Structure formats: structure tokens, C-alpha cells
Amino acid sequence: MPYVNIKITREGATSQQKTDLIKGVTDLLVTVLNKSPNTTFVVIDEVATEDWGIAGMPVHEFRNHAQT
Amino acid sequence: MPYVNIKITREGATSQQKTDLIKGVTDLLVTVLNKSPNTTFVVIDEVATEDWGIAGMPVHEFRNHAQT
Amino acid sequence: MPYVNIKITREGATSQQKTDLIKGVTDLLVTVLNKSPNTTFVVIDEVATEDWGIAGMPVHEFRNHAQT
Amino acid sequence: MPYVNIKITREGATSQQKTDLIKGVTDLLVTVLNKSPNTTFVVIDEVATEDWGIAGMPVHEFRNHAQT
Amino acid sequence: MPYVNIKITREGATSQQKTDLIKGVTDLLVTVLNKSPNTTFVVIDEVATEDWGIAGMPVHEFRNHAQT
Amino acid sequence: MPYVNIKITREGATSQQKTDLIKGVTDLLVTVLNKSPNTTFVVIDEVATEDWGIAGMPVHEFRNHAQT
């Protein structure tokens, strides 16, 4: 009975993409560990880019740096 | 000093129901483990149904299947 | 289909106490929000006291201060 | 830059199976959302069966019920 | 490659304050544990005060009590 | 009343380093957001390197790649 939490930046993931993530992760747990899908939970969190930091700065600033 | 995180699907839980969850969980920790309520945190997350998966599909789709 | 995570300091909680927490939280979600127990997960994490901080210090140090 | 946390019951998952989970989830995020693998984290938590509850009871008790 | 999650009540933290948190936590991990900032993630969650409980009640109620 | 969770790979962080993390994060929340230290929790999780993935592989394998 796995529980999976996926955190991504909020940048327009569609309902279909979320559905694909849920299906894909669940299939993976069935394939690799023989888990039952009926007791597999997946929770997706979308996080605003100002709330996500990497390399000591918010994501959007990080990307500007990376492009320089 | 427990920390409790309750994740539920976002489906109209009222402020009173949240208050009841917070009180109920805190009382439980006091009763079972003799924890101090003053250092017991409870955080409730409401998750959109398209962001919660079970059995390899989003919750709303799962419910449609279950009703068939 | 709630997911509840309970974090407590590791200080000898027994299997029976954990069972009581699991049952108590699940009952609470049934009572307050009419959730189905069959799709309610509870995960308990025990955290070493040196890994839990409050008031800027590890728990065991905090308790020494509090007793002074 | 996704962060994925996979919680499973501690029941002997091998290093290879964990490697397969890490690779599988990362590939999924690349395929579905075009995420960069280099900034994709996956953290696996194995949880003792007495610390995981479903249907108001610990997992091992739940399985005994289910088999009856 | 640390992952840090900071949960605070939603009470008007500014983008600058969030940037300061992200920078401060990352610097701390570099200083104390010599971690690489490039693989250090920080995720900030703001939680509505009705969703955060302490001492068995929601935060806003707790503050009213504390002021009495 | 913030709650901070710090996840690091398990590689011999000392009690003193954990104490420094707890103090440093708490001070940061006091300085940046004027939070009360008495209601600031910090929980540190050490994760085995085989349970932490980056770039689609476990940390130890990733480091071998990076050194090549």
C-alpha cells in the first residue's frame, strides 16, 4: 500500500498529464514491487515558483542565472 | 511534541469540521501517549481531486468506476 | 481517502499504542468527515530526539531547560 | 525540478528494486512533463508494518483480516 | 543534496522574505554540512490559519486564548 | 509556528551539526519572519544513500558518474 507524493513547480500541468503521472507511478509500483494498485495513493502538489528554491534562490531567478 | 499532517480531498470540509479534526487528533495524542497539547501541531492539507490518485487514476474517475 | 502522517519522538511507543493511534485517527475521520476507513492510510514516524528541534535546540536539551 | 517521495512498507525491497523505482519515476517525469533528470529528486521511505495503518488497523492485522 | 520543506501559516510573507528563507537555509546547509547549493531544494508551504492547529485548536483561536 | 523538515543523506552528520541546523533554521525564521522560537519545530531525516535518487539513479551511483 504505497503512498507517493510528487511535488512539481506550478507551470500549467494539465489534467491529462496528472492522470499520466498517477497511472505511470502506480504501474511502476505494480511492476517493480508487485504492489496492489487499489491501495496505492498518489498525491501531486504544485508549488508556486517563488516557493521553490534551488541553489539558494527561487526557481525563476535560478533559470535566469542558468540562461546567462 | 507531535506533528500530524492530515491530507484529505478538497470537497468542502467546513471550518468546524477542521476544528473537530484538530481537537480530535490532539486529544488522541494526549490520551494514548500522554503528549502535551501545547506542543502538538496539526496541519490539514486539502488536495484537489485531480491531484489525488488511487488505483492508477484520479479520485473522481475512480469513483465513477466504483459506481459502475 | 485520507492520508495521515503522525510524527512523534522515539521514546518507546508500544505496538498497542500505535494501534490505538491508527484506530483513533481513522475513527475520527469517519466520524467528522464520513471518510471510508478502507481508503484511510495512517503512517507513524518515530524521530530520534536529537533529530527533533524546538525553540532552537534538540528536544532533550529543551526539556533540561524547561525543568530548570 | 521535481521532488518525489515514495513510501512503502518495509518488506525486503532490494537495492535493485529501489534503483528501478528511482529510474522509473524520473523517466516518467521526463516523458510526461519534460522535466530535467538532473534536478529530479526521489526519496524512498520504508515504513515498518506496525507503523502503517489501513482500515483502522496496522497493515499486518489488515492482511490477516483480508485473508479470512 | 538536501531537501528542506518549510511550512508557515499564510500571513503575508513577501517574495523577498521567501527569497531570504531560501538563501538562508541553503547557506546554513553549506556552512554546517558542506552541502552543494546546486543540489539543495527548498520548498515553502503557506498554510491557512484554519488548517493549522496547536494546543487542540486552530491557530487564530489559539492566539485569542493566548491574549486573554 | 513554523514546521521545518530537513532531509539529508545519511553520511555521518554529528549531534553537534544537527544542533547547529536546528538553531540556524530557527534563528532564520525569527529573523526573517519574526516567528516565535518556542513554537518552531525542526525535524531532521537522514536518508540512506540507496534510498535517495537524483538524475534517475541512487546518490552513490550519481557521484561515481560525476567523478568520471
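In this document, chain identifiers A, B, C, D, E and F correspond to the written order of the chains, with residue numbering beginning at 1 in each.
Throughout what follows, a residue touches a chain if its C-beta (ideal position, glycine included) is under 8 Å from a C-beta of that chain, and two chains touch if they have at least 3 such contacts.
To keep track of the chains, here are their UniProt names: A, B, C, D, E, F = Tautomerase.
Please read all numbers here as calculations on a predicted model, not as lab measurements.
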Touching both chain C (Tautomerase) and chain D (Tautomerase) (chains): A, F
Contact-graph distance - origin chain B (Tautomerase), target chain C (Tautomerase): 1
Pair in B-C, D-F or B-F that repeats C-D, with over half of contact pairs matching by residue number: D-F
Gap in Å, rounded to a whole number, between the CA centres of chain D (Tautomerase) and chain B (Tautomerase): 20
Distance between chain centroids, defined by C-alpha means - chain A (Tautomerase), chain D (Tautomerase) (Å): 14
Computed distance of Cα centres, chain E (Tautomerase) from chain D (Tautomerase), in Å: 26
Interface hub residues of chain B (Tautomerase), defined as touching at least two other chains: 1, 3, 7, 21, 25, 39, 41, 43, 52, 54
Complete list of chain pairs which touch one another: A-B, A-C, A-D, A-E, B-C, B-E, B-F, C-D, C-F, D-E, D-F, E-F
Contact footprint of chain B (Tautomerase) on chain A (Tautomerase) as seen in their complex: 15, 18-19, 21-23, 25-27, 37-38, 40-46
Residue ranges of chain B (Tautomerase) in contact with chain A (Tautomerase) within the complex: 7, 47, 50-58, 61
Residues of chain D (Tautomerase) touching chain E (Tautomerase) in the complex: 1, 3, 39, 41, 43
Chain D (Tautomerase) residues within the chain A (Tautomerase) interface of the complex: 1-9, 13, 17, 20-21, 24-25, 28-29, 31-33, 35, 39, 52, 54, 59
